[in-house]
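Look at the two complexes coming up: chain A is in both, with chain B in one and chain C in the other.
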Partner chain A sequence: MNEFVERAIDLRWPTEVKRAYDVVIIGGGGHGLATAYYLATRHGITNVAVLECSYIGGGNSGRNTTIIRANYGVPEAVRFYQRSVDLYAHLEQETDRALMHKTKGLLWIAHSEAGIRQERARAAVNTACGASTEYVDPGTIREICPQIDLTGNGVWPVYGASYHPAGSTARHDRVVWAYAEGAMRLGVDVFQRTGVTGIRMDRGRVTGVETSDGPIAAGIVLSAVGGHVTTIASMVGLRLPIRTHPLQAFVTNRYAQAFHPIVASSGLGGYASQTAKGEMLIGAEIDRAPSYAYDSGHPFLQHCAFRMMTLLPFLRDLRVLRQWTGVCDMSTDYSPVMGLTGVDGFLVTTGWGTWGFKAIPAGGEQLAALIATGRTPDLIAPFSLDRFARDRTMADRGSAGTH
Partner chain B sequence: MAPHRLRIHCPHCGVRAVEEFAYGEIPATPDALTDADARDVDRGFMHSNHEGPVTERWFHAFGCRRWFTVRRDTRTNEML
Partner chain C sequence: MAEFGGQMAADSLLTHLLRDAGVAIGGGCLCLAGDCPHCLATVDGVSYVRTCQVTFREGAAVTLHAANGQLPPLESPGERPPVTARTTHCDIVVIGQGPAGRVAATDARSVGAHVVTLDAREGQDVIGVYPGPLVVARTEDGMRHVYPRGEIVVATGASEIQPAVPGNHLRGLVTARAAAELAASGVPLGQVVAVGTPPDGIVCELASGTLVRFEPSSDPTRVGAVVMRDPGGVETRLACDTVSLGLGLTPRDALLRMARGMNVRGVGDVLLPAHVPPCPVEGTVCPCAGVTVADLASVHARGFHELELVKRATLAGTGPCQGAGCVPHIRAFLAAQGAALQPPFTARPVTRQLTIGEVAAGAHHAVTPRTALHEEHVGLGAIMERLGGWWRPWHYGDVDAEYSAVRTGVSICDVSTLGKMQVSGPGALALLEHLYPVPISTLAPGRARYVFLLDERGYVIDDGMVARESDTRFNLTFTSGGATFAEMWVRDWAESLGADVRLMNQTFSLGAINVTGPRAAELLARAGVGAPPAFLHHGQADVAGVPCRIYRLSFTGEVSFELHHAAADSVRLWHALLSLGQDLGIRPHGLKALLKLRLEKGHLIVGQDTDFDSSLRRLGCEWAVRLDKPAFIGRQAVLRTNRLPLDRQLCGFEMDGEQTTSEVVCRTPAEGATIWDGEDLAGVVTSTTWSPTLGKSIMLGWLRLKDGQLPTDVTIDGRTARRVPTPFYDPEGRRARG
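Right, the complex of A and B next:
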């Protein structure tokens, strides 16, 4: 975070670490800070510490492609993400910060008979569960996004799409800062460069954390880390249905024309939107091999750019400005894992794979409600860790946008 | 430490780009887990996902089409 931002935002950094908190949240990204924010604003719980090993928003909260949508494939997920879409729509008003939230509409392209079926099914399940998605034909796609080559350069023809008008983007850093600011104003302590090195337990119950700044006692410990949740969970002997895969993305230089919608394609394994500065922001599939290395390379760039150019030929004339990598916690069923873990006093919000940014407000709100009341809210009950043992997985690979 | 570009050393073909290979995890349900149902759940859904040196299997799909075992540090992608 640079000096300009530090001055512009009223972040009240705490001067010293207290020896005990009601709630300790590991991970100062969107999910951790949103949970702290909703604990403070909705439930009056402010004796909360957020521990960030680097700087706030420096992990996946600052590395994603900023897309907000609710067009998922299973009813429980549609309802959950729709709650997030609704919260995002009013977040600027609530936090009184310009988050550059912009509703753009999202096209999810079908390139095959199977793709048509999938997008029709998506429209049907979305409509039934309160998210507005409709199936559109190529003529309508052309009206929504004239830049799309409907022939897909002869290789990836566009047969149709599901159109999700609520699809939007927001400035990811500003979302993180707005939640941090709101939480810190009410007395939540956020510590940067404070890594957790161990978790203290007494007779099967979590009692606190060991940090680089010494031990801190805690009533409840929530892991809201992205990318390293397995390492945190192993401190309490918990195994998770998570594998960590890198995902790469890039931006081009400024495209001189307006590109209004967000365009996604499972067939091509990519999605594109235009940033406020005019850059084309393009994300992609996860790397197949699990890894924690923030390693980005040319083969990915070549593969991804080539495929997206078959759909959006104007990309040929642009240049790649930046490329980066995030490490994503991919859950076995491609749905998040939220809530109680079976270890007393230890909660997780993880499995955010490549779909975490859009879920920040709803995830934070619901986890705060769980921590405050001790009861798992209905909206996130289907995403509990014990769903795997109960044979109630939430398989939704087709909605990840990354496969 | 600068990250290593992930390249796989195939014992039959030499060092090749990762795009030629398919990844294979070696499942490792802990011995401490003794309950049969819990073992089934672990085998079906859980991953070790270790941050550090791991032993894993790779298949040279666009090459000799043989499986082999490698050691890799998942923090850096360094081959051990």
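Right, the complex of A and C next:
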């Protein structure tokens, strides 16, 4: 008996594509589906199509390490992600679906004087912005996670950490499906295997999309794709400050539950948690070289395994099961880009780097509000595309290259 | 015979367990080929080991995985010798040494190719074909990293399809190949019934019809009979001790698919079309995850139609065999629901399992470099820290004394970690004019100045010094942590501009010792330098017999002479300075004291006080950019952003200590503390220290403007702080000039 078989979610696929919708969302990942869900549930807007070129949740929504946290480095980001943490905490209740949401607590380890400064700053900014994060000493770290080698194998000693009790995980696929189910139940049409090949414009205004299944008219088109957003944006002649980098992770076999928190280390460039199934899930920073490739690399596996053993020596004899790769759209200030684009009727939600999964509920909720009201909500106003032109970038050391 | 390998030279652990140890292997259809999850055990502390794939060794501690689904413990007990990694370059790599693989290897060798063969039956488990191309194998003697110049030949054969009917969890089920192999190894099989293709060389009863289920014997864990159904629907029950299952082959082609786009060729059974078994009707499909046909039907009825979605909804195919057992059946199931036959899962590493310790073999931590004076610092009792990517002395045990030595006497500091670069040639001046936001042509030979390096967006990427030796020769310094990037920056621009220059990285070849304090000149005089350079000048001189270029800038706020010299002379120079300054109370200072000294002077540290988007205006350093200069990197961006309203600025703050009954307590806020303007979060402190000289806490931090104004009084750590101009100490800079 497999306790992890999904037993409730019912995906009622539409039978045919209508030729016109109020809103077309490109990308059936977490962000696209959550936006559709909140349009339907919060604003009664259901004449919406979500177009997915592959299967839903098959991109980064299904390739991430399922971590939910709000411990970012700039106030605007902390507030935004805290909204997402709060929405996640009630998502099982709202959707009446088992999403395997589990609060684990997240330790972000400092191995240097600079690391201490960074983690203290993280804790201070988080606390000031409504996210609970505190700076903890090695003794407390040992209590939270007895498996950590505080000497860092004699090489990377642990000086302290920021501790974010709200750090949690959820089953990524189920989050995607729950949003898809909820949206479709209210009449949103979600199409798989329907790729967008062009965007129709008329006098500078978006009028619809071209798809592998024929043209679809829509007054509003939202790009919620991951990995190829610049391709979509170029269809309306828009250039985005985005580069796409691979991000890799690997997972071990299943072991008895014994590793409770999420542990991250910027110094060692990796993080680890134990899944509900018992696998150790380990990820690293993005690959330096931009690429769209899903190829898994050996240097990543070798070096990430080595570095994480430095901190967590119990990993040594665990057996590696599988590695995989996602692709991350990175903006130049390591913060997401949400909202209006200057092209009438064309909106984006992108720049999700390595933080897309944790942002799904808040991103969807806020974009839905923007689409429904035509007004950018305060919570996401700082993340607008024009911030680059306005010199209002949000350099976030709290998120650079991490999960 | 299996294409993957043929007979193992020695007994496998599984054969030993079945034949000699009388161990009851937990049920399921054994394949003996490393494809199924049924012979897993913990061997010498490593779980999830396929006992059919390891050689039997006397004394090995073996625990079969519990049949009740209890998971192995999350631990790695005891010590283990480090795993080695061996790298081989060759012409051709052949994976699999069955008949087809052997022919491929022989053919390649016959034309003189250097061939590496990797065969699972020889204990060489290929875990993946990676970009490179790189073929990685785990062996019992360590890791093999094989880089083929030419072809990768995949001869991994095909695996046998597992039964997906009720009772497939029982013991006594084996694939046809496994049956033959076990019999040849002397494992007693008892009465054998063969379903499908019969095993070679075994007397057995042939079952006809469609496989329906397995039934237990008197031992409820072991098979006692197999039930078949004829085309008329009549069931026949065949009693047996062992069932041999020849249900068809499915290519073991994960490596082949993983290597798409590379110079790869499959040979032998790996090219077979995948046999699609009959649609499973009842029972377990995925033994790893315990997924049944009913589970498949359940999720399918709720819209999970794609193979990848079915996998995610049931977790079928995510266990130790990664779909080897279940994928043929799930494809058959989905095809039977009316959809087209879907391709198998994407092939990803690792195709054979290995431990984290094994896969890490050959990796190492990035080296943190040491200066030539490292041992001197350690000898003086210094606490060494990684700072700016180097090991540096954090302090020597008495920060206050180190600080006082600089402010009142003389001190030395190892600043060899500074990035150092010499730029020379006819194009040197033009290149530097392009790189720096201030005029360089007006810098006369013998002069030096402090400069920022901007990127095209006008944001600070580094700071340092530019010193002019002659019309065509300049020496630059960069921050310790930023030097590598800065060097790339300079080289890339030199290349882009086609500058006729010679760029020489001197970071490691030159040592640097800063002599600083009101008595620094006195110490230098004792070392034989009677006429040291004036402030913002530099010159060549022998210091205690060591040829040095002496730069006269100041980071500490006191008179400072930065002595750049051949790194080979560092120890000699260090000793000479300490010895000559003994009666002046000389003592070296570490970074902790230096950070205090520089903060009193309001000097920022790039990377600590700056961010990715720090313009000079935001840093309050507009004096460091000359917009009347016609062209330099970032000029356009600075002009553009200067027209936009300023949003935040790096500011200086001071806070009084707290007067207790007897003394003033510092209670300096920690770096990272938040800055509040009334109820509004207004910024973050980036640097703090207690200034002994000023008797108050001093800070740098980012402050947001409100209504276009920077607030004057703010709250930090619940206490009032004042925004004040920097430098905090000696604002006129008289002391540094001497």
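Assume the second predicted complex is superposed on the first by the 389 of 403 C-alpha atoms of A that agree within 3 Å, B and C clash if a C-alpha of one lies under 4 Å from a C-alpha of the other, contacts with A are read in each partner's own complex, and residues count from 1 in each chain.
What we mean here is this: a residue touches a chain if its C-beta (ideal position, glycine included) is under 8 Å from a C-beta of that chain, and two chains touch if they have at least 3 such contacts.
The model shown is predicted, which means the values in this text are computed figures rather than measured ones.
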*Now for A:379: first (chain B), second (chain C), both, or neither, which partner does it touch?*
neither
*Partner chain(s) touched by A:228 [first = chain B, second = chain C, both, neither]*: first
*Is A:100 in contact with chain B, with chain C, with both, or with neither (first, second, both, neither)?*
neither
*asked:* Once the two complexes are aligned on chain A, which partner has more residues of chain A within touching range, chain B or chain C?
replied: C
*Touch check for A:244: first (chain B), second (chain C), both, or neither?*
first
*asked:* Is A:295 touching anything from chain B or chain C once the two structures are fitted on A? First, second, both or neither.
replied: both
*Tell me which partner A:186 touches in the superposition: chain B (first), chain C (second), both or neither.*
neither
_Is A:113 touching anything from chain B or chain C once the two structures are fitted on A? First, second, both or neither._
second
*Name the residues of chain A shared by its contacts with chain B and its contacts with chain C.*
294-295, 297, 333, 393
*Can you check the complex and tell me which residues of chain A touch chain C?*
1-2, 4-7, 9-13, 55-58, 62, 75, 111-114, 117-125, 127-129, 155-156, 173, 177, 192, 252-259, 274, 277-278, 280, 294-298, 301-303, 305-310, 313-324, 333-334, 390-393, 395, 397, 400
*asked:* Show me the residue ranges of chain B that touch chain A in the complex, using the header's touch definition.
replied: 3-6, 17-19, 22-23, 25, 30, 37-38, 41-42, 44-51, 74-77
*Residues of chain A that touch chain B when the two form their complex*: 228, 230-231, 239-244, 287-295, 297, 299, 332-333, 388-389, 393
*Which of the residues in chain C end up touching chain A in this complex?*
45-49, 70-77, 80, 127-128, 130-132, 134, 136, 145, 289-291, 295, 298-299, 302-304, 306, 308-309, 312-315, 318-320, 322, 346, 348-350, 353-357, 359-365, 385-387, 394, 607-608, 611-613, 615, 640-641, 644, 647, 670-674, 676, 681, 684, 686
